[in-house]
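Each of the next two complexes has subunit A plus one other chain: subunit B in the first, subunit C in the second.
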Partner chain A sequence: MSRRASGLKAWLVQHITAVYMLLCTMIGAIFLIAQQPISYTVWKGWMAQPLFSLNLLLLFIALLLHAWVGVRNVLIDYIKPISLRIFLLSLLAFGLAGNGLWVIEIVIRAQIS
Partner chain B sequence: METNKPPVFLDLRLIKMPPAALASIGHRASGIFIALLVPFLLYLLELSLSSQEGFNQATLLMESTGAKAATILVLWALFHHLFAGIRFLFADIHIGVNRESGRLTALVVIAAAPIAAIIAGLMI
Partner chain C sequence: MRFKIYRYNPDTDTEPYMQEVELKETHPGMMLRDALLALKEQDPSLSFRHSCGEGVCGSDGMNINGKNGLSCITPLAELKEPIEIRPLPGRPVIRDLVVDMGDFFDQYRAVKPYQIRKDPQKDVEILQSPIDRDKLDGLYECILCGCCSTACPSFWWNPKRFLGPAALLQSWRFLTDTRDQAEQERLDDLDGPYKLFRCHTIMNCLDVCPKGLSPTSAIGKIKELMLKKAI
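After this line comes the complex of A and B, so read on.
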């Protein structure tokens, strides 16, 4: 991923995910403000709607991709020793991938329960 | 490949930072901070969906006094990242790239983020 996502591709990923997350948070904020206070029933009801939960899933996937490119850039800029850099990049990749699986599990479970 | 190397002078202790640099480094710092928070966000999401009891626990966690201060801090990072990010997006389409407007928008970003964080934090 690191090689393929370098340069223009990384820039594109960063911008597409940024704009998508920006739209999602703005719409999400309007939802939250309109529905205050939010009860458990309302919250579960939102999550049961495919459009809502799919966007929530995509939002987190976008966040994880965005974090991958962003943190990767910071690590490449500031961590000079190559072994430490590779170690931290792997740690980041595993951490983000784990979080990705976790959010998939959360969303699927909200659909079936 | 040698021509493609990024700039090498990045010693943060020796660089004097004008507003644009401060907004930019703040964008990076807040980004790292938010990335580290993702597992906690997922934990809250899972808890809030687990049961009525879990939902109450999650809201209680958000409403405690310590959490309120932490929430405002998190919102500050989030808003700074958001505003500075929007500033970068505008820079991509060549808006606000000259010295004066770049400096002005950087100052706006730096000042607006904590204000927005406090307002949003008190609304929750």
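After this line comes the complex of A and C, so read on.
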């Protein structure tokens, strides 16, 4: 992310992902209430449908991007020593990337089995 | 009337302290500035800035019972006792209620708060329609007292890199001025994570503005314009 772009772009990403997550959470909550009771087999059935698993994947991408911008903002505000900030930003990036890969793994495994 | 006033004289004090003082005589309609002047007669070492006494010069911004404001237009009768007076938050204290506003004015200077014209200068006025002129209402009235920027946590954390609400209000004042011709340059100057985007819409600025202005909406409009020009 270039120095120039990281202002407007980050702000835009934060807002678009927020709207997407809000919509997904609302629809998801209604869906979960309507589909009770939920078991592992029911969940696996949902995961086999591309519409569900793709939306879940998108939701997590949105969540990770949103978290990246938000936590980056907090670090820029409060962490002044540049080396500590880079260390914490890297830690955050690895943490978020790890979580993202984990979600991808879950979605793929649910598709295969 | 009881007061608790922040006192600090770097020549004699090792650290700041709160001084409790009492003002015996008050009169109806008395403003806080009048009270401070009366207290200064009791103790001439009390330092604070003030000038016009009617909310125009913007010299006497201070933190009054936890909220920034101008002492000259703050009626004493509206304040809860003991009235706690502190310097504007987040700024280095020079003495008592006098703070260093250097960063604040540097940021104001940075937004180029003047009309930039590219067309050759003519010897006639540059006219505006009444509708275009109305766009400047709520922006030009700023008196640069600094109450907003010193109430902004983002400005506390990054006073050298975040422009702060006062400077951003002025930035929008010139961006929206139909006579100004440097829109693109102004927007380019504002991009990046610091100058504009440290604003997290906390809205302390519009809560404290003694002139009732809204830097928050001005900042929102700058972001909107930036987005329009980027897409």
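Here is the rule we go by: the second predicted complex is superposed on the first by the 108 of 113 C-alpha atoms of A that agree within 3 Å, B and C clash if a C-alpha of one lies under 4 Å from a C-alpha of the other, contacts with A are read in each partner's own complex, and residues count from 1 in each chain.
To be clear about the criterion, contacts are C-beta pairs under 8 Å (C-beta built on N, C-alpha and C of every residue); 3 or more make two chains touch, one makes a residue touch a chain.
Bear in mind the structure is a predicted one, so any value in this text is a computation, not a measurement.
Contacts of A:88 after superposition on the shared chain: neither subunit B nor subunit C is touched. Look at A:102: by the touch rule set out above, it reaches subunit B but stays clear of subunit C. Within the superposed three-chain model, A:78 lies in touch with subunit B and with subunit C [touch as defined at top]. Between subunit B and subunit C, the partner in contact with more residues of subunit A is B.
In the superposition on chain A, A:61 makes contact with neither subunit B nor subunit C.
76-78 are the residues of subunit A that lie in the contact sets of both subunit B and subunit C, per the superposition on chain A. By the touch criterion stated above, subunit C contacts subunit A in their complex at residues 153-154, 157-158, 190-198, 200, 223, 226-227, 230. For subunit A in complex with subunit B, the touching residues are 15, 18-19, 22, 25, 33, 40, 43-44, 47, 60, 63-64, 67, 70-71, 74, 76-78, 95-96, 99, 102-103, 106, 109-110. By the touch criterion stated above, subunit B contacts subunit A in their complex at residues 6, 10, 28, 31-32, 34-35, 38-39, 42, 45-46, 48-49, 52, 55-56, 82, 85-86, 89, 92, 123.
Of all residues in subunit A, only 3-8, 10-12, 73, 76-78 touch subunit C in the complex they form.
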